[in-house]
Each structure stands twice: as structure tokens, then as C-alpha cells.
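A, B and C are the chain letters, set down in written order, and residue numbers restart from 1 in every chain.
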């Protein structure tokens, strides 16, 4: 719970930078790489995705500077202000302990996004690496790695996460790990599929024939080509990671009180649902909005980057 | 002009595309007589496939606007009620498509796909339709037709599948058979077999055939008349001898020049230079103002070519069927 | 055949081993329950007993795990099947209509609905439904489960909301799938062949579009059903639905490992069975993979 929020989901962004750098590699007959500027343009012309990106950016800014934006602290208890309905001083109302819900929703964004980004970051790094290795080396490496991934993939996501948390105990960090493990196979599969697609291309074989190292071929040639579906998958996975974090916290396995997490707030508000609907309503809206935006962005990215829809599971893990 | 199987007059097709309206076919007129084979030739994108799909109402109505007249056995296909058009598909005109790998439904048996076509056009019992289906498969040269009825398409080779597609097209004894690049996806020996097959069936039945292809070798072998399409227009038509041996339009000459074994010796000093037709066909969303071929024409001349569209006019004075071309430089032709 | 090998690599048992594995850290628990034998011995002992239907005894209640699971299974199966029914009833017509009229108003509405369904947290939707239908309107009970054998009316009343919640979520995913699948089928060459031979539109649609488009739906439905069986955990909590998910969660909270292990084993088994059924079904309806 310490340190900076928003750990960067590194790999695809690194791929992005790589692709933009126009070093045309001396050895290659390489096809046109994905053109990133054009992609951004396409995305901007898709109004839904553009709006979603703006809203997401706002949410992220709110989450990063949560202390600045939140009118009150997360746990400023005020007995006299218990269960106030939404008003000017408390736009989202207050909860059973008189805590300002707007403030808790904003501070909760930080927790939810942190877990989401951590989880997807883990899945991204682990999954991409596994997918690259499996796809590039093939044979038994592929067999072993993908069999393990298949096993994880075959398992119901929520249950897998619950099992991980059962073993490691509840908490934000473990939640991120659990969700990360759940999503690793998806990234591994997407990456592997892309790698298999380009492994035998002329330019890759050409690089190999002039003695480029495996690492160089993987990072310079194969990863940039695998990047589009991975990026799309990242956005969609973020949606489901936020959702999963909320669900696990709702079940009492994720973020622990008194930290504000949207799922936890929902669980706390559930008991007051008939008395004070705003307790559960606003955190729910926050989850819905965030998840919706990540999904819309993912769809937009898919249309722009990945027209052949190589991404697995359009429905994410649901 | 009576006695023709099909008379097409000023056929125009406009498609709605994301980049604006595209005029894919721009005033096509031709006729097909009984037992006659008309080859429609052109590069991909010249509008040849669209022009025949439009005849049978097989273009999606939401994006395609078709105008003109297309009279099949006395009835205009383009103004027909949908239900009547459905009845005409099959007995009026049958169609064979390019890719036999995809033009059959993979999850229904060959027999079922034949039988449903037969039963859609007449009160035929299942057993009778099945017998007819087996006969048809025999006619198109499928070995062991009875057993083939219960096969699924994936169990047959490409050539065999195309024979099935032909059997389907012929199952209601159409007056007109449209073959849309029917042999393009097949290898050469199979291609020859299929061509022989269609020619044989045509001779037996007196069917009119529209043969769409970009392969001039096929044209020379099968066609009675040739229609060369470019940019959605007919740029030249005439008998197969006229068009292939005395091409009048620079585009036709280009096509022939691109085909080494058929290229005629230089008639006018231009043809030998044309190993290929450089450039690409115009986008149907953005057709040139004057002659459609002008931007790629090797002999283009004055402003007239650029700004004024040449009409399709009779050239030469040979006997028999007219030889027509749409170009400003006919005077250079023999 | 493919799915069997790839989706379910055989042994749910290995996952059980995973759970065991990390139990090492729980020394106290291990001692208390006599789990300090060598790991493999433990595992084989457990697996052997599990094969004969003995999953051990709950730490907490002292009941056998098998009986606890048997008690909860009907509720979970009921909910999952009802949900998939709701999902298909929503998805097939909605997806088909959107595909037939792409970019029409109906298509846009369907897209919005499915995007909503995919993004909405199911437990939140459940809470809102409870607020509206149980609280404000008072039409339905807010939760609980009554076996159909006792009182079909009460059973249905209590099933309605949870099935709707999970059904909408699954249905949204399936709607998108149906839409793209029908669109693809509509554009395929064989549909043009069917039209060209003069089949009536209805016949073209039923036999050449819908039939082909819905074949892969079998797989998707199977996957969704499997996810529903486990994914209803949260919804079971919201609606106090005494199913396996609730059991599993209680087991986690109580550190009741035999029960958790049993529940996980059962879920894995269900997964295996569903995939097997899907494979068999697919072989029966798709001639391309028939031998």
C-alpha cells in the first residue's frame, strides 16, 4: 500500500517506443510495422473510444492525486453526519460512520486502479514472456509452458483467485497477484499466436540467417509485431481486473477495511441498501464507469490496431 | 433482337461505400443468344463480377443501386418482384462461383444442397429429387454419384466440388448459365476438364453462357463473343476473332500484349512495347472524367482523351456480328 | 477432441496438490489435522479416497465434505442452468437481429446493452435489483432458495433475480458472439450459392446462415456455463443463495481446507464434464470434425 500508485504496464509501451524509433534494422525485409500515429488518429476518430479515453484519463488523474481531490480523508468519522443523503456538502452522501462517500470513491479509485494495474502488469510481463518463449522455441518448451497455461486457463477465474487468496491470505497485494495469475494465460496465448504468425516470415528468417541473437530477434522483430493484440488485451484485461478486484473485495478477500475500495464499500453499503441507497450506488457506478471505459477503449483499439481480431476472448474473462 | 436469352441494356450499378458512392458498372449493354458463350474479360475491379451479381439481385440491397434493363426470356430481371426473381434463379439462370472451396455449405451434404435447389422450383418428391440429383452428379462426371450424395463438401477435392456447384447451377435446366471465374481457383488440368464439361452440356441443352474471366487463354478456347470491361464500362466487344486478333482498344491490346503466347505481331508499332499494362485500374469512387483508360493509356493523345468520354462505336466493316470499341484512337486500328 | 486435450489437461488433482503444497506454511493447521505426513503420501491418500467419494470431513462442522457438497449442488446447478437459459433467450434473437440490420437502431441499442452487460458488476446489479424489486416494489423476496419440489412458485420467485443478473452478463458476451458469427455466415460464399439456386429467403436463412452461425455457439455456451457455475459465487452471496460458491467462500473464511478442496475438485470435475459434453455435441452436429 506504499509507494507510487500506477505501476507502468511496461512491455507494450516499450514495444511502442521501439516501433516508433525508425531504425530500419540493417538485415531485414520487414513488412510495414504498425503505424502508431495513424492508430492514434483512428482512435481519435472513433468517438466512443475517444470519450472513453478522456474519462479514463480523468479517473487516473483523480486516482493519482486522490489526496488533493478528495474533500475529506478516507476515514474522517463524524457521528453527527451519519447516513446523510447526497447534498451540496456531501455530493454522494455519507456512510454509516459519517464518512464522505465522494472522498472514499476518489480514494478508492486509487486502490482499485493500483490493484488493477499491478495485476495486469504482472499478467502482461509473465504472460508475454511465456508466450514469447513458447512460440519462439516451440517443441517441448512450448508443450510444457502452454500445458501449464491451459491448466490455469481452464480453471474458473473467480475460483482460481479465491484459491490463491485462500492460500496467501486476503489483502490488496495478494489480490493483485491472484488476478495477475488468472490473466497470465490469456496474454501467453495471445503472444504465442502472434509469434507463431511471424516466426517463419522472411524477415525473421533473414535476421536469423545473418546470426542475430535470439534475444535480438525476439525483442526487435517479434515483439513489435505481437504488440497490437497484446495492447488490446491489456485494455480489456484492465477492465476485468478492476471488476475482479471489486468482486474479491466485496467477498471480503481483497482490500481490507478501513481502506476504501469500491468493492468493499459496496459490501459495507449493502446492509443499508433500503435505508441509504447512495452507500452502494456510487461505488457501483464508479466500478461500472471504469470498467465500461476500459472495455470501450479496448474495442476501439481493436478496431484500430487489430482488425483481424487476434485477441482472444472478446468477452474477457467473463 | 428477339430470340435472345438475355438482353442487357445500359446496366448501371452504384455501391454505397464508406468513401462515398462508387460507380462500379457504368452503362453495360450486351446480349446472349441460345447456345452462345459470351466472355466478359477484365482485371479484378473492372466490375465484371458485380455486373452479373446485379442481374440476379445477389448484391446486398442496402448498398447497391442497380438501374437499366436486363431482359431474361422476356422478363426484366431488374424490375421483377423479389418472389418472382427467386423463381427465376435456378430455372432462368444458374450461377457457378469462383471458389469451390467456399461456395458449398460445409455442414450440409452434397445431396441435400442439390435436392433443396430442385425442390424449391417444383413439386417434386424427396425421392424423385434425389434421383435427379444423382443423375446430375453423373452428368457432371462425379464418380459414384449415389454415394457422393451423402458426402460432405470437405470430403471432395476442389475439382469435384466445382462439378457439384455446376450440377447445382444446372439442376433446374437454366436458359442462362453464369460462370463467374469458375475455373480460376482450379489447377490447369482440372480447369480444362471443367471447360469441356460446360461446353458439352451447353451443346446438349442450348444454354446461353456468360463466362467471366481474366484469363484470355480460356476466352480463346470457349467464347463466341468477347466483351472487354474496364472501369465499369465495356471498352470493346465483338466476335472472339475480331477482339483477339484485331483488337481496337489500347487496353485490349495491352491485355493481349501481357499474354505472350497470344500476342499478335505488331500491327501498328505500339503493341510490342506493351509487355504489361502499367498502373492499376481506377477506383470506382473516383473515375476519370474522360476516357476511363486515359491515365494508363500508352497512346493517349490530346485533350479529348482527357475530357471527353469516347462512345462505344462500330469499327471496321467486317461481316457478321459488329465489332465495337470505345476509344478515340480507333483510326489507328486496322 | 481438441478441447479435451487443451482446455482441461486432465487432472483437477494437480490443482488440489497446489492447494496442499502451500498448506505447508500453515504449520499449526497441519499439526492439528495430522497433515504432517510426507506430501505425496498425503496427496495419494486424499486422491484415493476422493476417487471413492470420500473427500474427508469438514474442520468446522464435522460433517463429511461429500454430504455438504451434495447438499449445495442442486442450488448451484439450478442457478447456472437458469442463467444460461436467460442468456441464450436474450442473446440469440438480439445477436441475430443486430447482424441482419448492422448499424440500424436495433443494432446500436443491442451493442449498448451488451456493452453495459459486460461492464456492469454483477453484484452491484444484484443489489440494485434487490433495492427495486424486493425493497421499493416489494414484488420479490430479496434472496434465499426453496427447492422446486417444495414449492415451485417460491422457487421461481427466488430464482428470478439471480438468474436475471448472471443471465444478462453471460447473455451480453454471447450476444456479441452471435452477432459476429451471423454476420460472418451472412457474408459467406455458400449463402450466395444458396440464393442463386432460388431458395426461399427463409430457407436460406435457416439452413445456410443460422445453422452455420450457431454451430460454434455450442462451444461458447459450454464455456459460459462452466464460468457461470463458478462465477455465480458473488451472486450467490448477494442473493443468499445456498450454493457451492457460498460454501467455498465460507470454507475460505473458516480456513476449512477439506471443504475448499472438495469444492474445487467438484468445479474442476464439472468443467471436465462440460467440455466433454461440448466435444461430443460438436462432433454430432459438425460433419467437418466427424471421423
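Criterion: a residue touches a chain if its C-beta (ideal position, glycine included) is under 8 Å from a C-beta of that chain, and two chains touch if they have at least 3 such contacts.
The structure displayed is predicted, hence computed values, not measured ones.
Undergrad: Looking at the contacts, which chains touch chain A and chain C alike?
TA: Both chain A and chain C are touched by no common chain, going by the contact rule given at the top.
Undergrad: On a CA-centroid basis, which chain has its centre farthest from chain C's?
TA: B
Undergrad: Using Cα averages as centroids, what's the distance between chain A and chain C in whole Å?
TA: Chain centroid spacing, chain A to chain C, equals 23 Å.
Undergrad: If you average the CA atoms of chain B and of chain C, how far apart do the two points sit, in angstrom?
TA: 52
Undergrad: Under the stated contact criterion, what part of chain B meets chain C in this complex?
TA: Chain B residues touching chain C: 53, 56, 58, 86-91, 94-95, 97, 99, 102-109, 113, 116-117, 120-121, 152, 154, 165, 168-169, 171-172.
Undergrad: For the complex, give me every residue of chain C touching chain B.
TA: These residues of chain C touch chain B: 188-190, 192-201, 203, 207-208, 211-212, 215, 285-288.
Undergrad: Note which residues of chain A are touching chain C in the complex, please.
TA: Going through chain A, the ones touching chain C are 147, 150-151, 153-159, 162-163, 165-168, 239, 243, 246-247, 250-253, 263, 266, 269-270, 273-274, 277, 280-281, 283-284, 287-288, 291-292, 295-296, 299, 314-318.
Undergrad: Quick check on the complex: what are the chain C residues that touch chain A?
TA: On the chain C side, the touching residues are 6-9, 14-15, 18-19, 22-23, 115-116, 118-124, 127-128, 130-131, 135, 169-170, 172-173, 176-177, 226-227, 229-231, 233-234, 237-238, 248-249, 251-253, 255, 260, 264, 267-268, 271, 275.
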